[in-house]
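Labels for the chains are A, B, C and D, by order of writing; each one numbers its residues from 1.
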Amino acid sequence: MSSPKNHAVFLITCPDRKGIVASVSTFFFERGFNIVHCQQYTDPVESRFFMRILIDLDSAPCARAQLIEDFRPVAAAFTIEWSAHFSADAQRFAVLVTREAHCLYDILFRAHTGDLPNASVALVISNHPHLESVAAQFRIPYFCCSVDPHDKRMQEREVVRLLRQHHVQLAVLARYMQVLSPEMLREAPVPIINIHHAFLPAFQGAGPYRRAWERGVKMIGATAHYVTPELDEGPIIEQDVERVTHEDGIEALQRTGRDIESVVLARAIKAHLEHRIIVHANRAIVFSRGL
Amino acid sequence: MSSPKNHAVFLITCPDRKGIVASVSTFFFERGFNIVHCQQYTDPVESRFFMRILIDLDSAPCARAQLIEDFRPVAAAFTIEWSAHFSADAQRFAVLVTREAHCLYDILFRAHTGDLPNASVALVISNHPHLESVAAQFRIPYFCCSVDPHDKRMQEREVVRLLRQHHVQLAVLARYMQVLSPEMLREAPVPIINIHHAFLPAFQGAGPYRRAWERGVKMIGATAHYVTPELDEGPIIEQDVERVTHEDGIEALQRTGRDIESVVLARAIKAHLEHRIIVHANRAIVFSRGL
Amino acid sequence: MSSPKNHAVFLITCPDRKGIVASVSTFFFERGFNIVHCQQYTDPVESRFFMRILIDLDSAPCARAQLIEDFRPVAAAFTIEWSAHFSADAQRFAVLVTREAHCLYDILFRAHTGDLPNASVALVISNHPHLESVAAQFRIPYFCCSVDPHDKRMQEREVVRLLRQHHVQLAVLARYMQVLSPEMLREAPVPIINIHHAFLPAFQGAGPYRRAWERGVKMIGATAHYVTPELDEGPIIEQDVERVTHEDGIEALQRTGRDIESVVLARAIKAHLEHRIIVHANRAIVFSRGL
Amino acid sequence: MSSPKNHAVFLITCPDRKGIVASVSTFFFERGFNIVHCQQYTDPVESRFFMRILIDLDSAPCARAQLIEDFRPVAAAFTIEWSAHFSADAQRFAVLVTREAHCLYDILFRAHTGDLPNASVALVISNHPHLESVAAQFRIPYFCCSVDPHDKRMQEREVVRLLRQHHVQLAVLARYMQVLSPEMLREAPVPIINIHHAFLPAFQGAGPYRRAWERGVKMIGATAHYVTPELDEGPIIEQDVERVTHEDGIEALQRTGRDIESVVLARAIKAHLEHRIIVHANRAIVFSRGL
């Protein structure tokens, strides 16, 4: 990506009205900012406007606090809900896993080689000791929080504590085989992205590859979505599929599926870290990559 | 396809045992037939063997009746279920439609220009007069069988009568918006292929594009399957998908979907007409095209 | 698509500078227009700005001539090259063919059923009489302009004359097997879109499927592009591919390829008719569909 | 994959003749072997027959040497060129790299987690010290053989020596940025697979992503092929593509391309290690995975 080194992204949504684009773009223009990229979308059903605007901070001499302060009245005029994200703020995220290594390897490799812009993996959390050596390979702290079947909440509270302690901005469930309780979702200090090993809404829940084989589908897929209290029903960020045939047994589907899972999850993590997503009414507006 | 002009396809399935391939291939070899193409598959779960074998009939001087007669003891020895299909027998099929024209156009165009090997559309049946002019463009008989909401079976009996009268070997539901009753499926003299406008098992039933939009999926698809009494649960023959974004409204999904529906249905019809499908336990073994 | 019935599209490109978005959006806002959709792109190599803006003409009481007149000084201030396209102006285009029917059928079917927004096929031109019956099926005038091998320019002049006479805004080469001379391209009063039956720049020129088979590629494709004097080197609008295997002979590649050609060409025609393309330096900026 | 633990694969090719399938299958049947999987292909242009046959060695009490000895006369009768591969023989391969880490990581991760059946990475060879730490992460020996620009053959001889010394059966160029000389290819004791970062035959040679951007293609791809003396012209094993847009700059194409390169190379390595490839006349017959 060739975004300027020192940039900010504004994510904006409000009821659709005349003059939003003009007002917002004029706001940045008057302060001397170069708008490097600007994407919009109007939901025709809800008459709602969405915008992502990326500005070059070096193009104008305006302090961050001032910029945010100044933007408030513009936002208020259009009842804009907004967030501003600054490239100067490095991002940290947690990865939660159980026993499957492929997504974890893929994420650690990408973070390690700079493929995840401006972000690092702060810690790996698992309910098993199984993948500790993988984290060790990349020198990332690994926390094994095993689940007491009689009190699952205990483990969840420990996970939440770790997320807080490590000051992460995101948690990624990279084949984490525990269903998060509504309590945990309320307590979690950050958004959570999950990879589901099926093309949602097909094969929600457990055992999707086995069920895909039984149903005789001709393509299998994977879905990355934000976690909400309804299992596998959160806003979809990214999906992809691969063609299979009757020759592919369940194990072959799993092998093929792993490659799809890794790449779909990586794309979703990137979209989140690049501040390209606005969620509204359980749908994820995902602006295209590009700049 | 470069299959020899005068050929036969044997579709074979039986419990897996040593010696099937040797016995079957030796059977054809001893009679002097050239095996042009041979594909096999063993279902490891059910230990069941499947085979498609295409022979050049001009390579040996054996009458059709004799060939079939001779094959019986081989089949009996391995408890083979089998069918033999001869290229000399032209195939005829019926297309059932309601109001959407795209699949009908696609099928009629392909039949007209020789893209469907050795097959022709015998008639078009609809529960609406809407698409009569399309059939007329290609000079195919069009029968409008409207549905009496108080007695749906009456119309179904008329459809079955038409299928029999026109001596078709296959019926294709090309966006036919009526659910077939179990009685009709029992009475229907031919297999029936349906195109469902979603990536099954996602969005079974009505309104899949609307539900896909609401769910915020990032790809939409279509599924061709044999019709069984359980709605949208028959053996899947072919599926495909196309990427969509949040920008695509329901109407845009429908437009994109039409192209997928047409091509998925056409591939399924070809697989059936080329005798590349064996159904077992609600799964369709679809041998690859090629020869 | 849910664009408002009465709308205009402005296509804009100019050297990148601060204030373009603000100025252009303010221009429409001040006249009371609702901006329904707005897409932008800045080429970082050439520092060039591109924009597509779709406005609801019914949202403001401004005459077309006045709107265009008023926009001139804004354009001049940023040295904007621009064009404005009004949905009230129905579009007409010509289709040129030789012997292959699939793309022609696909286009005529789409135009006939309203899949090509606001556009109609005015005439079909061919260097062969072969496809006259296809045009007749859809009641479109068909002109057979055969080529005199000793004077190819004569036929080209006749084609240009027909394009002018029928007041078309676009010509589509739908498997038209003649290379257009540079003279013809200079004389042609409209842009020309061609479908090449390969994934350009692979297999430029003649016989791509044969060469694809010989090369043993594992996917084949098709490419729609604007025609320029350099054969198969014009700006690419759309491409797609399909997986093939060693089993697919040349004829099988051609059959598979036809489906890709039809859909790739249709997408390119739609992108052009929806005014989603700006060409710069032999690259086609193709804004996403959506609204 | 659910191939039996102790199996052998026979790869067979010969001029097409009646009786090959019968003879070969009878050969294994008479010795009591269970044929687990059997795939065939007849090249209609060259009238040449290809076959892959996978047998369960535990299904019959026949020693390996005896089996090979017995097969010779069958092969001779049909002038069969053949090779036999036994699952008991673990495979070892070398990976050659320069500076890009993604393919190396992907291969090491797959080998480490058992995704490459029955195979291990014996060593990593590079013309740079850059990726030594990656090999170290997975505890694989890393040899840095730098190139003397005045005598490139010296380095090549060292590489060949390493391949011999480590008894590998395959070498994989995982973004190895050196062109192998014809002498090296003659001396190399093993087949060599390369990943080219373009959809061959498009963009052969250097700088494919830059050239793809300049050409304005709408999809980019990667190609895995066996290395032959003609640069990027060896038999193609696997290809895949991903959709891109005008927004994707050269760096974005590279990022997207890396994911395609990794997965395409991995699929090609698997096809080779699973003995699913027969090369003939510069075309790679790649039998489907499955069993």
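In the analysis below, a contact is a pair of C-beta atoms (placed from the backbone, for glycine too) under 8 Å apart; a residue touches a chain by one contact, two chains touch by 3 or more.
None of these values were measured; they are calculated from a predicted model.
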Once the Cα atoms of chain B and chain D are superposed, what angle does the rotation have, between 0 and 180 degrees and to the nearest 5?
180
Based on mean C-alpha positions, I'd like to know which chain lies farthest from chain D.
C
Find the geometric centre of each of chain B and chain C from their Cα atoms only, then give the gap between the two centres in Å, rounded to an integer.
35
State, to the nearest whole Å, the distance from the C-alpha centre of chain A to the C-alpha centre of chain B.
41
Name the residues of chain D that each touch 2 or more other chains.
2, 41, 44, 245, 247, 249, 288, 290-291
Examine which chains touch each other and state the graph shape they make (line, ring, star, complete, other).
complete
So in the complex, which bits of chain D are touching chain B?
2, 18-19, 21-22, 25-26, 28-30, 32-42, 44, 59, 243, 288, 290-291
Using the touch definition up top, name the residues of chain D that touch chain C in the complex.
41, 44-45, 199-203, 214-219, 221, 235-241, 245-247, 249, 282-286, 288
Per the touch rule above, chain A residues touching chain D in the complex are 1-2, 101-102, 105-106, 109, 113, 115, 137-138, 245, 247-249, 251-252, 255, 258-259, 263, 266, 288-291
